[in-house]
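Both complexes below contain chain A, partnered by chain B and then by chain C.
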Partner chain A sequence: MQTLEENPHNIKINLAKILTNLLHYLLPWTIPTLIIISWQLASINGLIESTILPSPWQVVQTTITSLQSGVLEQNMAISLYRALSGFVIGGSIGFLLALCTSLSQTLNLLLDSSVQMLRNIPHLALIPLVILWFGVGESSKISLVTIGVLFPIYINTYHGIRSVDSNLIEMGHSYQLNSWQLFWHIIIPGALPTILMGVRYALGVMWTTLIVSETLASSAGIGYMSTNAQSFMDMSTILMCIMIYALLGKLSDLMAKSLETSLLNWQIKGGMING
Partner chain B sequence: MHKLVKRLFSTIFLVFIIASAVWGYTLTREDSSSSLETITIGYQAGDPIDIAKTRGQFIKKMKKAGYKVVFKQFQNGSAEMEALASGNIDYARTGDTPPVTALASGSSITFVAAGSSKAKGSGIVATKSSGIKSISDLKGKKIAYTSNTSSQYMIMQVLKKAGLSTSDVTLVDMSQSDASVAFAKGKIDAWTNWDPYTSSAELTYSGAMIVTGTTVGASNRDYIISGSYAKNHPAASKALIKYLGQDMTWANTHKTKLVKMMTKSLKLPKKVVERMVNRRSYSLKAVSTKATSEEQAISDSFYTDGITKKKVKISKYVLNLK
Partner chain C sequence: MADTILSIENLSKKYQGKVALNSTNLKIKNGEFVALVGQSGGGKSTLLRLIAGLEPMTSGTISQNNQLIHGINSNTRVMFQDDRLLPWKTVRENITFKKPKNSETAEVVNQLLERVELQGFADAYPASLSGGQRQRVALARALFVNPEILLLDEPLGALDALTRSKMQKLILDLWQERKMTVILVTHDVHEATKMANRIYVVKNNKIEATFENPLAYPRTDATCTNLSTTILNKIIDQD
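Right, the complex of A and B next:
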């Protein structure tokens, strides 16, 4: 009797499956890899002047030396501290504000238009005010990140809660759920996908505002490293910082994605029961 | 099983992220245990304060005198002026122009000390391809400068000397880093700036210095500026001037060591730093009448050209330490 594995037809299918899987893993990296290879080749051939744009290899060397001296790790840790504390503070404020405005009509009328006005102020325009209010220490940097993170979380939470299916809420009422149960078992799960979208967006904003905030009277952090290098045209350090931003961006996205899969498990489970 | 591994990995990852953030937090804590009075000084990379900071003697001497010094690095003079106005820093080292515009916009600042002239290292550098040989060739060319810095005064003085008006040339207001790239790529014909950017433009991008501050009387001195702090703490100001002055004397007599130190801290090519250091001298002392009149000239010229809206008498704002 033939087992499944020995069937040549099945082996073919398995091989095809492995190949498609491999392609799935490799395809996202093709464009970055091609760019880096052609950039390195252009640098070697002298098509790109090294004073204008150093080669990827030079950037790698700069990264290694800054890692060895411990400067890079310290600056990254400091940036991470600023980013995370700003995210936690701004995220909580935005979330609570959105709860207020989406669950109470009075508070909505009172607060929402003010938030919408504040939302579109560019962060750069706020720097002089931030210096005046929070000084040039850590609090000014964290508060800028807070402001940046607050609005995406606010808007998505608000929108998420507002657009929960009214039939579901009605159903909750007919099951005689009290308002806490209604909130916890129907509104929050219903709004969660939109809220998490806000989290994902806010994580991106967190890094960009952090970089802006670290240009202000700073002596540490990734943003400081890059602006300091910029003022003396230290191109390889600038490029290293750009690479780090890209990496951090990808990392935050991964974090948000894993948060989504673990928190939105109920959707998948529900789907399985229905199916 | 697969799920468990995934969960384990994300937990480890999360712990790692939080641990790094906590480490970052401990790194930002400044040692506040000492009973010394804290003085916060704003500076820019590569300036006299940076020299004093990197050398390390200044902090020790100030500590003996009873002051704990904290340094804050800024990108430009206007940010320093904002921080001074809000009382977040006590002293700031700037070029000659930011204090003038700050005074005209109503900030109450004080000139505490002045440095020596940097006229030889400040000026206009032309690209090789522009064909500019002298200041009269500037007509019709694209010239970069940075507003609210000494380069704004410089370009105005040079144009006056050449008998040109601002409409005879194309002036572009650019940050130092943007102008640097534009100069290297030949997108601008000339660049008004100061050391180490001028020496870098000359040596790295083979530009030619067509005019310096010496010709047009623009000294571009360093100034130590304070808000109300200097007036209320004369002893601190005296100690600051004395010890910074000692570092400047050291800088003048140990130029080889200085070049080595600055090459490392600024990450610039050695020849660029060498040229910068060798065409200037270092000093920091009480503001002389000559320095005051130079600042007055900048202030007057900015007022006549409509850059500032208020006439200011500079000598009223010079600290008198007796």
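Right, the complex of A and C next:
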């Protein structure tokens, strides 16, 4: 007797599903793969000078060498430490500040206009000042990332809380929720989509700030590796650093996206966004 | 004769000095279905919100079962025109909001969902439901705590004619089954005459007229026409 799985029609459907899924995963990688292959071929055929742009294979070899010597891991660890420390500090300050200004009218009057004024100063313009204050050590890099991350988190948390549907808050009052219950059951879930949007944006700012600050003034980190390589005309190391930044950026974006997917599951299941 | 469940005396409400409700008196008996009709801005929703305790009164008293009401009236539940469901909670979680999850509450929810014809939707999120379905969830949520008085603030205003008619029947059936008191605010006079057994015309921020509605249920548009016309004339009359 033929089982359901053995039915040729079902096998065809399963095969089509597998192929569709495979295509779904592979399609985004098509253009980067084609660029790398073309780049490699152009390098092999002498169309691109290795002193101008080393081949992808040379970049891979440099990466392997750097990994074997331990230099890459060491510098990556320093960069990650700076990025994460700045993100946690800046994110926490921005979040707490936004809670104060969005939930208390008095604190809003006291703080918001000052925060809005500071927000309009490009944080990278503070680099000379931060170097003078903190030198080229860890504090300057972490401070810059902190300032960069603080404002997107502040703005999105503030906006998210202020935009929570007032009818839902009234519904909470009619259920006699106390302030904490109202905050936990209605305000935070209602503001979460906007807050997470801020987190995702802040992650981008975090990497940009780190790259600039490590490139300008540093004695360790990926940015330092890149600047150091520039002095020796070591093009493959410079490209390796750029690739690592791109990969770390993509990785943090994927993490933020998966956080959104797990915390905002109701939007996907409710059909509000296409998962 | 049924006892008075809700007694309102000299109730007034002002918003920034502007009168929204002026020295209103009202007595509602246990188990009645009462409708407040009138044009927008007349004060009917203000009166309902004061009964629910969603607004502080400027002067006067509201007492339910001879107990003065201060703040949120926990023996009532309000159903609004917008469903006010929490989009991040499932249908079941919305209905049992703030109540502990146990087999007893789960059973009550199942019975309510069956009654509002939404069995199988317990784990759905509000965004995946139609407007009519969402209002039925809001109705189930309001009934979950067995309120003494169900307050309906134009709950069917945003629904299409067919869904509206079905919802009117559902609310009437539930009122008769549960023998609760219902206060309906609506600008639709036909809806009021089809559903309520007493209709108050709220106009110029006070109750201008009262109409008894002795028509037997189920009522049709045809049987309600005469009373609807009389009430409508009263609403338009002195403007």
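Quick note on the criterion: the second predicted complex is superposed on the first by the 256 of 275 C-alpha atoms of A that agree within 3 Å, B and C clash if a C-alpha of one lies under 4 Å from a C-alpha of the other, contacts with A are read in each partner's own complex, and residues count from 1 in each chain.
Assume contacts are C-beta pairs under 8 Å (C-beta built on N, C-alpha and C of every residue); 3 or more make two chains touch, one makes a residue touch a chain.
Note that the coordinates shown come from a computational prediction; the quantities given were computed from them, not determined experimentally.
By the touch criterion stated above, A:Ile186 is placed in contact with chain C alone, chain B being left untouched.
In the superposed three-chain model, the partner touching more residues of chain A is B, compared with the other of chain B and chain C. Contact with neither chain B nor chain C is seen for A:Cys100 once the two complexes are overlaid on the shared chain. Of the two partner chains placed around the shared chain by superposition, chain C is the only one that A:Leu168 touches, whereas chain B remains out of contact. Touch criterion met: A:Gln176 reaches chain C, while chain B stays clear of it. By the touch criterion defined above, A:Leu216 lies against chain B but remains apart from chain C after alignment on the C-alpha atoms of chain A.
Note: no residue of chain A belongs to the chain B contact set and to the chain C contact set alike, using the contact criterion stated above.
Every residue of chain C that touches chain A in the complex is listed here, in rising order: 52-54, 72, 74, 77-78, 80, 82, 84, 86-89, 97-98, 124-128.
The residues of chain B lying in touch with chain A in their complex are 10, 13, 17-18, 20-25, 27-28, 42, 45-46, 71-75, 79, 82-83, 86, 88-89, 176-177, 180-181, 184-185, 196, 200, 204-205, 266-268.
Residues of chain A that touch chain B in their complex: 49, 51-52, 74, 76-82, 84-85, 128, 131-132, 135-138, 215-220, 224, 227-234, 237, 255, 258, 262. Of all the residues in chain A, the ones that touch chain C in their complex are 167-168, 170-171, 173-177, 181, 185-186, 189-190, 192, 264, 266-267, 269-272.
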